[in-house]
Structures are given as C-alpha cells and as structure tokens.
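For clarity, chains are labelled A, B and C in written order, and residue numbers in each chain start from 1.
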Amino acid sequence: MIPKDLRYTEDHEWVRLEGDRAVVGITHHAQGQLGDIVFVELPPVGKRVRRGEKVAAVESVKAVGEVNAPLSGEVVAVNPAVEGSPDLVNKDPYGQGWLFALRMAAPGEVDGLLDAAGYEAFLKGTR
Amino acid sequence: MSTIYDRGAPGRRAVALPALQNSEEELLLELPPALRRRNPPRLPEVSQPELVRHYTELSRMNYGVDTGFYPLGSCTMKYNPKLHEDLARLPGFSGLHPLLPPEECQGALAVLWELGELLQGITGMPGVTLQPAAGAHGELTGMLLLKRWLEDRGETGRTKVLLPDSAHGTNPASAAMVGFTVVSLPSDRRGMVDLEALKRALGPDVAGIMLTVPNTLGIFEEDILEITELVHGAGGLCYFDGANFNAYLGRARPGDMGADIFHINLHKTFSTPHGGGGPGAGPVTVSEALVPYLPVPGIVRRGDRFELDWDRPKSVGRVHPYHGNFLVAVRALAYILTLGDEGMREVSAGAVLAANYLKALLQDVYRVPYDRLVKHEFVLSGAGLGEGIRTLDVVKRLMDYGFHPPTIYFPLIVPEALMIEPTETEPKEVLDAFAEALRAIAREAREDPQLLKEAPHGTPVRRLDEARAVREPRLRIQFEKS
Amino acid sequence: MNPYVPHTPDDVRGMLEKIGISDVEGLFSDIPPEVRARHRPLGLPARDELAVSRHLGSRAAESTGARLVPFLGGGLYDHYIPPVVGHVLSRSEFFTAYTPYQAELSQGTLTWMFEYQTMVCELTGMEVANASMYDGATALAEAVLMAARATGGRTVLVPRSLLPHVREVLATYAWGAGLTLTDVPYGPDGRMALGAVPEGTCALVVAQPNALGILEDLSGLKERLGKAFLIAYANPIVLAVVEPPGSFGADVVVGEGQVLGNPIAFGGPLLGFFATRMEHLRRMPGRVSGETRDAHGKVGYVMTFQTREQHIRREGATSNICTNSALCALAATVYLAALGPGGLRRVALLAYERAHVLAERIGRIPGYGLAFSGPFFHEFVVRCSNPAGAVEKLRRAGIAVLPPEFLAPLGVRQGFPVAVTEKRTDEELDLFVSALEGR
C-alpha cells in the first residue's frame, strides 16, 4: 500500500506533486496505527507554513496524530470532505482522504523527501 | 441503560420541604423582570423509592475496590478503611465553615496541622501545603513554586522542564500550564533515566526536572542521587511525582534523595476513597529553599493554638479557595495514626511483595519488557499473544473472570502495555486467582481468539463503540422542544 | 500486622520463594543504601480503632464554630441535604471506584455523569458540561485559561465584587499563565459597572449573584465583548428562578456546586461545575461522558473526547486535570433528582423569602440598613457603624456571620455579610434580630 508515484516523509505524510502544488495526506501505515479516525483538524487556507511545522491533526479515539508540513509553502486548499467524514482517511488515505494542498515556496525541498522505495525501507527499519 | 429521566412522572417528588409564607408567584414577581427565569430547568420528577432504586441499580453496574480486585496501575486502588468514612461525617468536621475566625475552628486546623507535620516527617521535607485538591493540582502548585523561585532569583531564562518519556501525562500538562517548555528525556535499556541524555539536556535554560519515583514501569531510579545532583549542579530543581509513594512508604524519603518539591496523592498512598474519579487530595511538601513561596495561608501552631499564617510575602498565592480537601485530610490522618511507623513499613513491604510475586507468576506467559526487581507495580506487554489479539482484548476478557482490568497502553514506551498494581491489601489467594485468569486468557488468545475479540460477555453492556461517541456526540439528554 | 494487610508469615515466605528473594528487605535493595540509611521514623506508635476514633472525635468537638447557628455565606451555604443523598453516596460501588476508564464495568458512574451533565446544562442554559472540576474557583480559573487560548487575548476583566478568595485563586493561575487581571468596579447599587472593554481582552467574568449578594443584569454584556468570552460564576440554586447566563450568550458558566447536596466540610471537598457551548467543546477541560451503543446495539456510556485530556495530549492538553470531584458531582445529581424542578424552586424561594424577611427586620433596627440598593437573593451586606461590635453581639447569642474583614478586599468598610437558607427557622431569625437590638 505504498503508491509509487508519491513522495513520503519519515513522519508518515505522503505528497503528490502537481506543478507548483503539493497535495498532502497521511499514509496507509499511519492511518492503521491510529485506528478509527474520528476527527481531522485542518489549517486555514492562506496559512504559510515552514517545512516540519505542525499544520494539521488527525485524531482517533485514543490518539492524536500530528501532521507536519512536508514542504514549506502556503496552504491553498483543504479537503472539506474529511472534516465531515473523518473515516475517509482510513478508507482511502491516498485518494478521498487527502488533507490539504500547499503552493510550494522552496521546490528544492522536494529532494529531501523519500520515494516509495525509500519509505518502504524506512518502514521495515522501524518495525 | 436508562437514566433517572426515564423514571417518574410530572409532580412526583422525593423530599418533603417546608412551605413558603408567600405564594411562589408573588415571590417570583418580586424579581426584576429581566432576571426572572422563563423556562424552568428540566430536572427529573421522581418519588423517593424510585430514586433509590435507580441509583442502587446504577451502583450494581459499577465495580469498586469493595467489589473486587482492582489492579489499576499508578492508581493504588487499596482498601479504604470504613472507620474513616464515619469520622469524615462527624458534624464538627462536615458542618464547619472555613471562613469562621480561626479561634472557632481549632479542631479542624489542628487536624490539618497534624497531617502537615506528619507528611513533612514522612517525606523528610521541611515545608508543606495541603491546599492542592488532587495530584495534578499538586503538580501545578509545584510548577508555580518553581516559577516563583526562578523569578525571585532573576533566573527567568530558565524555561525548560525535563521529563522522562515514561512520565504521567499530567506532568507535561502541568508544566505547560505555567508556561514551561517540556523536553522529553529518553529512557535507557534498564527503563531508567538515561544519564548521558540528561547531561546533554541540562543547561542554563533548564528550570528543573519532573521525576516519578519509582517510575511508571515500577522501577526505582537506581541513579536517583546522581540525577538530583546533576540537576542541582546545573542550577535546576527536582520535582518528584508522588503517585507511586506507596512503593517506599516508611522506608525512604524523597527529601533524602534530593527532591525539592514532592506531591502526595492522599487517595492513593493514604487510602482515601477514589470516589468514582475524585475527590482526592494532592498535598505538596518542599525543601527549605521553597518554603517562602508556599501558598497562603499556612497553618501554624503558636503555643496550644492553631492560626493562619498570611505572612509570606513571596508566596505564589492561593491555589484553593479554602484549605484544600479537608475531609480527605481527616481520613488520611486517621490512616497514618492507625498505622504508625511499623504499619507504614508493612504497607510498602506488602505492596512490593505483591507486585513482584504477581510478576513472577506471569512472566513466563506475558513478555516483561524491562525485567528487573520492581516496586509496587510492573508492566507487561500483551503483544504476541495470538493472531490479531491486542491488550484491549485481554483486559476486556479479564472482566468476564470478575476482575477489574489493569491500566493499559501506558506507559507509552511499552507497546501493548498492561500496568499492574496489586497494592498491599489483597490476599495471596486473590493474586493467585488473578494470575490464573491472565494465564487462562493467554491460552484462549491462541485457541479461541474470537472469545477475546468479542469480550466482555458477562457485563451489563458489551464492548462499547467509542468512535461513535465522538462522531455522533451525545453529551447530554436531548429533550423534545417544549 | 496492620488490619489492612492480609499477608501472614506463611504467605510472605511462599511469595518470596516464588520471587526468588530471601527476605523482605531484599525487595528494597534497588533503593540506594545511603538513602535508606538516612530514613528516620516518626516515632509514631500504631493505634487501635478506638484510640483513633477518640482522637479525631475530640478534634471534631474542638471547633466551636460548628455549634453556632450559621448565617454564613461567602460562596458556601448551609442548605438542607436530604438523607437520601448520603445513602446513595454510601454505596461503595460508587465511592471505591475510580475514573471510569473501563466503560463496561463503570456504567453506573458513566450514567450518572451523563445525568449530571444534563442537569448542569439545564441549570446554566448551556449546551455541554464536563463531569466536574475541583471547586468553583479553579473551574473559573480554567475557564479563563480556555478563553485566553481561544481568543489570544491576555487581559481578563474581573469584577471587584467577585468573592475575594475565588479571585485570589484566579490571580494565581493567571500569573502562572502570564495573564493580567483588570478590575471592574461596582456602583452604589452593588452591581458591576463595566466601562470600556480594552483591546486584548480575553474574557469578562461576571458573578451571579456577586459577593455582595446582588443579582447582576447580564443583558447586553456579550454584545459588548465581541469574540472575548463572557464567563459567568453562578450559584446553581439561584439559577432555579433566575434567568441562566446561557440566555445572555455566556461562553462558559462555572460555579461552586457545594450547595447541591454537599456539606460545607471546612471548605473541601467542593464541586466545580463547568458548562459551555458545543463550539468550544474541543477546548473544554475535564472528563465527559457520552452516549453510544455496544456491540449488540444497546445504549451505553463512555468517556469521550479524551484527546483533549492530559493522558493523551500531554503538554498540548486543554488542562492538567485528572482526578476531579466525582463523588460531589454524584451528590449534586442525586440532590437535583430528589428535589426536581419544583423542589429546587422551593429551596431557592425559601432562601430568598427568609433572607428578605430578615433584611427588612434588620433595616428597622436603628443604625442598621442594607449597604447596597440593588436586588439581592439570599445574601446581603448589613451596613452599620460598628460591624465588629455587631458580629460580637451575634456571636454572644450563638449566631455566626462572616467577619467584617471578609469584605475588606472589596472596599466594604462599614458592614458585614449575612446569608440565609431554607434551614434557618423563624426562631433563629428572631434571635438574630433581638441580638442586634440588644446592647
């Protein structure tokens, strides 16, 4: 469950690059660790974030998963669907369960992200 | 599950009250119109027998220490002596108003003073406040003391509080409430504070450390003297969380280990009932350096009289509107007086004996991630018992065997943690039966995992859907629009 | 062997053998020897139950104040507690349990919590309530911290007529959190006189009634505050007949719940109640019980929205509170259920009626009068030239009122407060009046 066309972080965020935009969500592994997701807290559109800064939160009944910005930039869109139906993050983490989109401020940061193979290796290492 | 609102009928009442001299309508008309309540609060209307039946029924769906074994780790669910309940109900205690002049409250002030003196002696620390109403409130008081101490010394650049990664959640939350930044310290392979990591973390920006002794793995920090010396050497103070004081009561004193601030949960170590979640009490004892900062008023003895001491210009102020949870203090004092020195030693001996015994009965079946001599509690892991079996399943099944589950999923550094604190008040036979139940459940996990997954089977309700409670919040009864 | 430890020498031997340690002292070998060597016993002998009972029994008898006829208020009031409350509380399935972490074994606690939350919401006119805080003062302090987090403001407007010891607790918490308290004066009627609302205000506190016993008019306050919180510190018995703060747009309503079936108990344990609006739920401190279903579809209750709490969110939690005042909240629940809407209204009006009878009679005594002209409920300030002398006269008649110094922080110099509940009899009112009339 690690799509080849995405990039990843060691904090278990995924990134889909679309021109100068980056769509962000949490990985299948991360949603599985959290369990039933019951609440998603998203940033306001227009917020400027630095790479690594806490930008959103995904909550299950007994845990809070903080979502850090994988890249620096400005929040240009958030996914209203997951606010109403947080379980979309469980059911379709790479699709309907996306969280927010950034307009990248420093596209060079992309080089610091993992590719699918790198993330898979990282997961194996932490197990 | 029915609530009290499902019972009764309009017009029923459970108490006969005196009559008014005027009519209700007349009196209500005296209130300014803007203040007169338009719609009365919707409260139950039940007769006294209905009321008693309802709450008796609810009580039977509960489980307390008087019901059975309650090995909830870090909570010290020991037996609550019944004499204490009678003493707390004496009218000279329960009916006394705290704002009367001290000369009218001598007996109550004497109780607080006596308890304070005893707690100072038991902890080996020369100052005390009984105001904090719970353990976390004691922690907050401790953090306020630390902040005031730093301010008084002009050391406001010390903004960080160090916390082992095994700490109770109340510790970081308390530090944050007074504006400290929390820095987490990793545990080492022994389950203790990693001294090298501590040395790296210490510096001119560190206000102090919050330690739980023994820690939440039930392990005594063998390097405790070195830890407190390092922190003091770096200009910080040492806060000890006393939630686990039952482990060494009457045998060792935090004041002798370098503690500057120590909170005591009277509802844990000193046997006062937990009340379904409270009230408890969280007195704080302090080292000499912090005495000037203690909350006002202090309670002092002058000759044979007890007085309130407001003369503390450097005090942090009040943390409680009166003198703390007085009736809890009455119970704790009765407990200490009953036990005496020898009885307190028996408490810690019994608690540590029971914990190590239970651990010995279980460690061939459940993994013990940090396998050492423990104090009053120990932590097992429920991982690897069977396909898809989690600790949650194990403890839900434990209910079917008639036991209250231990604390689970804490401390966070142990995956699938089961944190077991038997206390000194359980007979050996009960410990044996509990171990036998956990061993049987481990067998069931392999042979019939579905039995665990669907547990509990014999409780008033089956496993409850916690996700639903958040997704569709119903936090009060919703009435039809009236 | 103390009576609460059941291990016989045989048990101890058997248990040590299983552990593989030869003696009890060996169980403590991990405590550094120098620490153990420094330990000093208290020199305290063990005592039997009779001796402990005698000692504390005599302590209870030593407080002369408990034998006076109380006209005492100042935030705690001597209301009648129906015996049914104490009998329900003495079910040890309730009072020897802890926080209901395991819902399936705690349906009793979780159900009454749900009932309690409903009752608090009804009394205050709010949408959601937590399952209790330590006391009214810390509930108020937590409400202010919540307002600061929600609005980013750092200034708290606090009426000068707030109970002085409640204000002191608030001041301690505010100092810890770096907030500033700004006084709001009161007028000659004893009511709060709010001036301009400064920039950076996170909350206005209003007491209902205030420490002078005066009922405040909350109309229009929220409109003047904008996003800053309106926080009411209210007496829940008064709310039986007075329009609740929720109707005036209050963001949080807190108060002291001792009056709901709990003894005064020398000031503790008490009961802080805390209610707010659903929009603020995720910022609310404290435990909450919520309704859900079990695996078979049956209704049941669980602790919910726990990700706000310290055991999950740690330094990011809405509060550090863990142990609360559960048993006092159960007392309040049973008390309110026992009285019902009619009984609670009766208690409130009895206190109101008797207080007004007494105030009027005191007003007819030469040299005595009411200090403030605003409407009061069941507590009022008596104005006189020699309050200390008046209090002493009452004391000689066996009557207790709060000392005049109690109101000094509020700027009241020539008076003392009097509180009346449904428990005060006609004879006691007569005694009060004749004591003041005497010389």
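Criterion: a contact is a pair of C-beta atoms (placed from the backbone, for glycine too) under 8 Å apart; a residue touches a chain by one contact, two chains touch by 3 or more.
Predicted model only: the values in this text are computed from it and were never measured.
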B-C or A-C, whichever has more C-beta pairs in contact: B-C
Most widely separated chain from subunit B, with each centre as the mean of CA atoms: A
Whole-Å separation of chain centres (CA-atom averages), subunit A against subunit B: 37
Distance from subunit C to subunit B - Cα centre to Cα centre, in angstrom: 19
Rounded Å distance between subunit A and subunit C, as computed from the means of their C-alpha atoms: 45
Multi-chain contact residues (two or more partners), subunit B: 466, 469-470
Contacts with 2+ other chains: residues of subunit A: 39, 60-62
Contacts with 2+ other chains: residues of subunit C: 304, 312-313, 316
Residue numbers on subunit B that touch subunit A, as the complex places them: 409, 466-467, 469-471
Contacting residues of subunit A [partner subunit B, same complex]: 36, 38-39, 60-62, 86-87
Sites on subunit A touched by subunit C in the complex: 39, 59-64
Residues on subunit C engaged by subunit A in the complex (per definition of touch): 304, 306-307, 312-313, 316
